[in-house]
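Working notes, structure below.
Going by the order they are written in, the chains are A, B, C and D; count residues from 1 in each one.
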Amino acid sequence: MNSISQENILVGEIANGLPLTIPVYRLKGDGTGPHVYIQANMHGAEVQGNAVIYQLLEQLKQLDLKADFTLVPYANPIGCNQKSGEFTLGRFDPITGTNWNRMYLDATSIIPEFVRNHLTSDASTIKHAFREQLITHIDQKLNGPAYQLTTGQRIAYNLQRLAHQADIVLDLHTGPISSKHLYCPTYAKPSARFFNIEHVLLIDNGFGGALDEASFCPWWDLSDALKAQGINFDIAVDAFTVELGSQEKIDLTAAKYDAQSILSYLTHKEAFNNSHHQPAKIARYSCHLNDYIAYYSPLGGMVEYLAPLGGHIKAGTPIANILRMERYLSEAPLHQLTFDKDAIAILHFASASVNQGTELYKFFTNYSAL
Amino acid sequence: MNSISQENILVGEIANGLPLTIPVYRLKGDGTGPHVYIQANMHGAEVQGNAVIYQLLEQLKQLDLKADFTLVPYANPIGCNQKSGEFTLGRFDPITGTNWNRMYLDATSIIPEFVRNHLTSDASTIKHAFREQLITHIDQKLNGPAYQLTTGQRIAYNLQRLAHQADIVLDLHTGPISSKHLYCPTYAKPSARFFNIEHVLLIDNGFGGALDEASFCPWWDLSDALKAQGINFDIAVDAFTVELGSQEKIDLTAAKYDAQSILSYLTHKEAFNNSHHQPAKIARYSCHLNDYIAYYSPLGGMVEYLAPLGGHIKAGTPIANILRMERYLSEAPLHQLTFDKDAIAILHFASASVNQGTELYKFFTNYSAL
Amino acid sequence: MNSISQENILVGEIANGLPLTIPVYRLKGDGTGPHVYIQANMHGAEVQGNAVIYQLLEQLKQLDLKADFTLVPYANPIGCNQKSGEFTLGRFDPITGTNWNRMYLDATSIIPEFVRNHLTSDASTIKHAFREQLITHIDQKLNGPAYQLTTGQRIAYNLQRLAHQADIVLDLHTGPISSKHLYCPTYAKPSARFFNIEHVLLIDNGFGGALDEASFCPWWDLSDALKAQGINFDIAVDAFTVELGSQEKIDLTAAKYDAQSILSYLTHKEAFNNSHHQPAKIARYSCHLNDYIAYYSPLGGMVEYLAPLGGHIKAGTPIANILRMERYLSEAPLHQLTFDKDAIAILHFASASVNQGTELYKFFTNYSAL
Amino acid sequence: MNSISQENILVGEIANGLPLTIPVYRLKGDGTGPHVYIQANMHGAEVQGNAVIYQLLEQLKQLDLKADFTLVPYANPIGCNQKSGEFTLGRFDPITGTNWNRMYLDATSIIPEFVRNHLTSDASTIKHAFREQLITHIDQKLNGPAYQLTTGQRIAYNLQRLAHQADIVLDLHTGPISSKHLYCPTYAKPSARFFNIEHVLLIDNGFGGALDEASFCPWWDLSDALKAQGINFDIAVDAFTVELGSQEKIDLTAAKYDAQSILSYLTHKEAFNNSHHQPAKIARYSCHLNDYIAYYSPLGGMVEYLAPLGGHIKAGTPIANILRMERYLSEAPLHQLTFDKDAIAILHFASASVNQGTELYKFFTNYSAL
């Protein structure tokens, strides 16, 4: 049995002065594998990742570990506990509206000087020095004048500080009502086949504030900047956002399956000795982020969702009925919606009540088999 | 084809001065049947009743009507449009917290004088005069000083004014995540068999502010008060709260089934000529409201719900797992919950995240076959 | 310097498993005075009471105490931290809508048996035994099956358990935008003059779920029940809800003034040796709760409040302008509101945007000098 | 008396199918002045602009108009009516968290081709053609596939379509608790002196999604792009965000003063014949946006705000007390906050309860007399 340690990190204080803490679990490997960082529940309603971390811990304590592990459930102690009616209003800071997963720190600014200082370094030196730089950069913000940090930044930077120490970063999310899908940087596409996830979104190098981007963009930028100097340096970090299915649900059986999916990927990344975790034999599809289309409701009304999640939809087939009962006599009360492209329905809105312009669906278009 | 008329009644104004209106649909029968009032969506997230009214209208326009019908979808124009995150926060007035279905007017006060004035009247006179009194009582409030009415009362009283004109009142609701069930006054128990609803809650004469109570309590009180004077007077109104299943969902197929269930009941109440709608052959169970037990979470945590809705649960069998990932090392991370009584699980909370004390389940106990 | 002790009591757990605690401060007197219980901030936005407790502690540590003191700031660790936009949404449980100050336990049921058992007891025995009974009654609920307690009850009962140990209970609240006022049971009217509070609401014996009522109603009921048996027993507990002014504000200077007001009342109640705290010489007005009139907005719109808080308003004088800019051409854009009674404006709504039926003002009517 | 016309534009539909409309008021001048567009209340709680539009209309109908006017109160029919507790939660879309004033359309993309096509046009032709292009660009979005527009974009683009027709655009906002201030593009600095607003924020050419930027950036970009081609073209549009003071307040007297401030500016812009409106003689200060510093709370707690709004604060003087009553014994319960720069306090947070990291204040630093 591997030993697991727990630390509770302090990430803020609330109005009655009580501390906001996040539990951090750690397992040590034999020193020959990568460092793996996995967090869950940055968005308050997206709880299933906690169950996946539970199932991972149950497995990891029995495996022969090469890798070190840092696992962080309940990554957002505000979002996680923010109720509004029965549901959890945890997607954005309730005070400011800022998405909790858009507050990580951009490290772009540190690259030019770093490159100038490492034109003659070897890859291993670069890797260690850059990691140290990333952590220092975060520390400067965390240790700078306290009045310069927002609530969300304080949470995000503390987590990012942990993530920067890892070679592999998995941020466990869910959609609203959703099939499984994976946000994967294009360079890591070959690794995507090792997850048991049917739908893979390929994303370019662009920082929008999310943890996966905060983890891989600096290394990708570094690789590009060194290449511009004629130096070949492979991107040293894999980072993914793993969308586990629907929010507001705990399913321990599904969590076990998803833990095995992660163990399969980590086996591929040589995190274990003697692991037999293999990817499932499933059809996988990839789609570029530019072809991931949001479909906003063209009408206000009550929605019957018709497109099966993960289902391949032909252009022009019905995807939803919109019921508008206050127009029963004045116009047709039922409007059938279609989408004008062949698509895979990945997720839909969590409620049946929508305004005109509410995001109804997100679709893979121009997808191909992976 | 029967003709349907629409009226939009004014029930309030919002901050930018725009009117709050509710659509009211009416069909006229041949004058020999009861007057039927059906409303839906008083709680904003409980939208499926609108779909049932849609399916009812589709049927009613083709049936041979004895009864008059008043159908009111979107009964609450504030609750229906109150979003908080993706979900609809429509169970209570967002300003005051008052449950929208606890604001109807109590008519108890009019009974003593009415009885004194009708000690020698016949049943038909009593029925007509009391109905008129109920409507007058509401009108006095609606036409009294404008500063004496809350937002919710204005909506509720306008609806109650319509309901008081009917002999049969159905208020279509849903639970959070729920099986179908029916709130039925004990005197109407024989009628409950004509709905296709497995679970029937029997309620006594007690006014708590809901529409079903506001509709039947005055007639029940009147019947009791007349009986105390030695006069036999049957309770002249049937009123039910029909819980259609889960909130935040539109399912037109299920709505058609539930419309047929209502048509079966209304056939029994002689609302139609030549209707062949019959109740489905299903097992039905009844439970007294006093035996309808709320089970509040004994722990804060993330919930995996295990009890199947409508399922018959043996005392002591697991009903939920509570995951507490911040106690992975310090205590067991998974707590199995049980209930100490044999029960039918009727509904559970809509979210997987609960505080200690959040209502997890509601159970029928001491139930019997109906 | 008197010594102050602190205990943090556990009143619940939130979704990420973290404990909800409330700080309790205690000071011991010389054993010859009453036991005083003061809490603040049960409603999340009503924070000024915390500052009053701060100022009280600053004073109490220097006074010569006869009384024992229990002081509880931050009485509601959920409400206190519940943000929705910039403001604190702490008046009701965000899940259920239940007002946090309507969840205390009703002790009515214990009285008949208690009276039967104490028909021959002396007053001191009755007082001690009844206090013990009240605490036992609460303990039975707190120690009963965990699944029977709501989140709010768990908080309320834990506080009530502390309050029942006291002879004097002060629950510090604020209005929305408000002048100071005091909820005072009619029997304690003579004591009301010792607070520096201009406006006093006299309330009868009726339990609605609030802490003041939960504290005095059982003793009042007991006194009445004993009187019915021919036994004279003075109501042994004083309990008040103290409305300190407006919510969402901390003002340490005002808090010091209000602490002195409380010290003046407590001096009158012989809580100190050698205290010179005297009530301020101000005009005081009392009004019976039945004459405390809510004025709901007769129109939806934007409100300019005109009635000065604490101001004596003549019937028919303007109390507000309602601006309705979408009717600039179709009708007058500005509506002047009046109230049809002479009144003192005690509080008004916290926002300028109101629906038709939003509570605009609360007025003392039929008031008299105290 | 000038005639005023009203049109209600349709900008969306809500869940019960009812239309979202915005009232638009228009006055025609003699054709020799600029076209002026003024809107208010895009953020739901920032209502005072509606009162300013009211006072403007009262004046404009009596003035001798050169300019045409388009005035839009209640610009956001969702935000304006979104209550959460007593306050208005109208700063962001309650579903997505997106700030309502960050959804306007970026026109940058149309500039390169436009410049290529107008290298030989005269200034007047350029102005007219570019305005037409801007409107066409918006129309393409509004008339494109309905499923491509979010709720907020539909509102914003409809307003922007009106604003693009104007030479002068004023977007009336307020701060939380705030002194008056003006967001002014640097090129329009001389005009800032004609408003009766003490504090002026100078902003560069950068599009972040707000209406003022959406109005001036395209013209500024165009001017720059033409200059790069050696063509001199003055920026043809003035656009300002006018921050009128505090949210959640209607004050008709203050509104009249602010209407006069706008009339003074518009007199300067030759909107009237024979207008005598002159700017007030007040001290004005300007500060570059980069020097406008947000001060986030270094602690969670209850805040007593000490810095007077509009007050000139010396570095190191107290700006707030943070009360932390759960640490009364374990550390000092009162923490005094200071800011390390000389500053003018422009606004502070609307509530006394703050998390660590909540924005407490915004300060002008490095300001100078205007």
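Basically, a residue touches a chain if its C-beta (ideal position, glycine included) is under 8 Å from a C-beta of that chain, and two chains touch if they have at least 3 such contacts.
On a predicted model such as this, the values are computed, not experimentally measured, just so you know.
Comparing mean CA positions across the assembly, the chain most remote from chain C is A.
The two sequence copies chain A and chain B touch through a face in which the numbers common to both exceed half of the numbers used overall. Interface comparison, A-D against B-D: more C-beta pairs in contact at A-D. Separating the CA-averaged centres of chain B and chain D is a span of 47 Å. Work out the mean CA point of chain A and of chain B, and you get 42 Å between them. Here the CA centre of chain A is 35 Å from the CA centre of chain D. Residues of chain C found to touch two or more other chains are 14-18, 74, 80-81, 83-86, 88, 91, 95, 302, 325-326, 353, 355.
Here chain A touches chain C in the complex through residues 14-18, 21, 74, 77, 80-86, 88, 94-95, going by the rule given at the top. The residues of chain A lying in touch with chain D in their complex are 12-18, 20, 78, 91-93, 95-99, 145-154, 295-302, 324-327, 337, 339-340, 353-360.
Across the complex, chain A is touched by residues 4-6, 8, 23, 25, 44-45, 47, 50-51, 53-54, 57, 73-74, 80-81, 83-91, 176, 248-252, 302-304, 321, 323, 325-326, 328-330, 333-334, 349-353, 355 of chain B.
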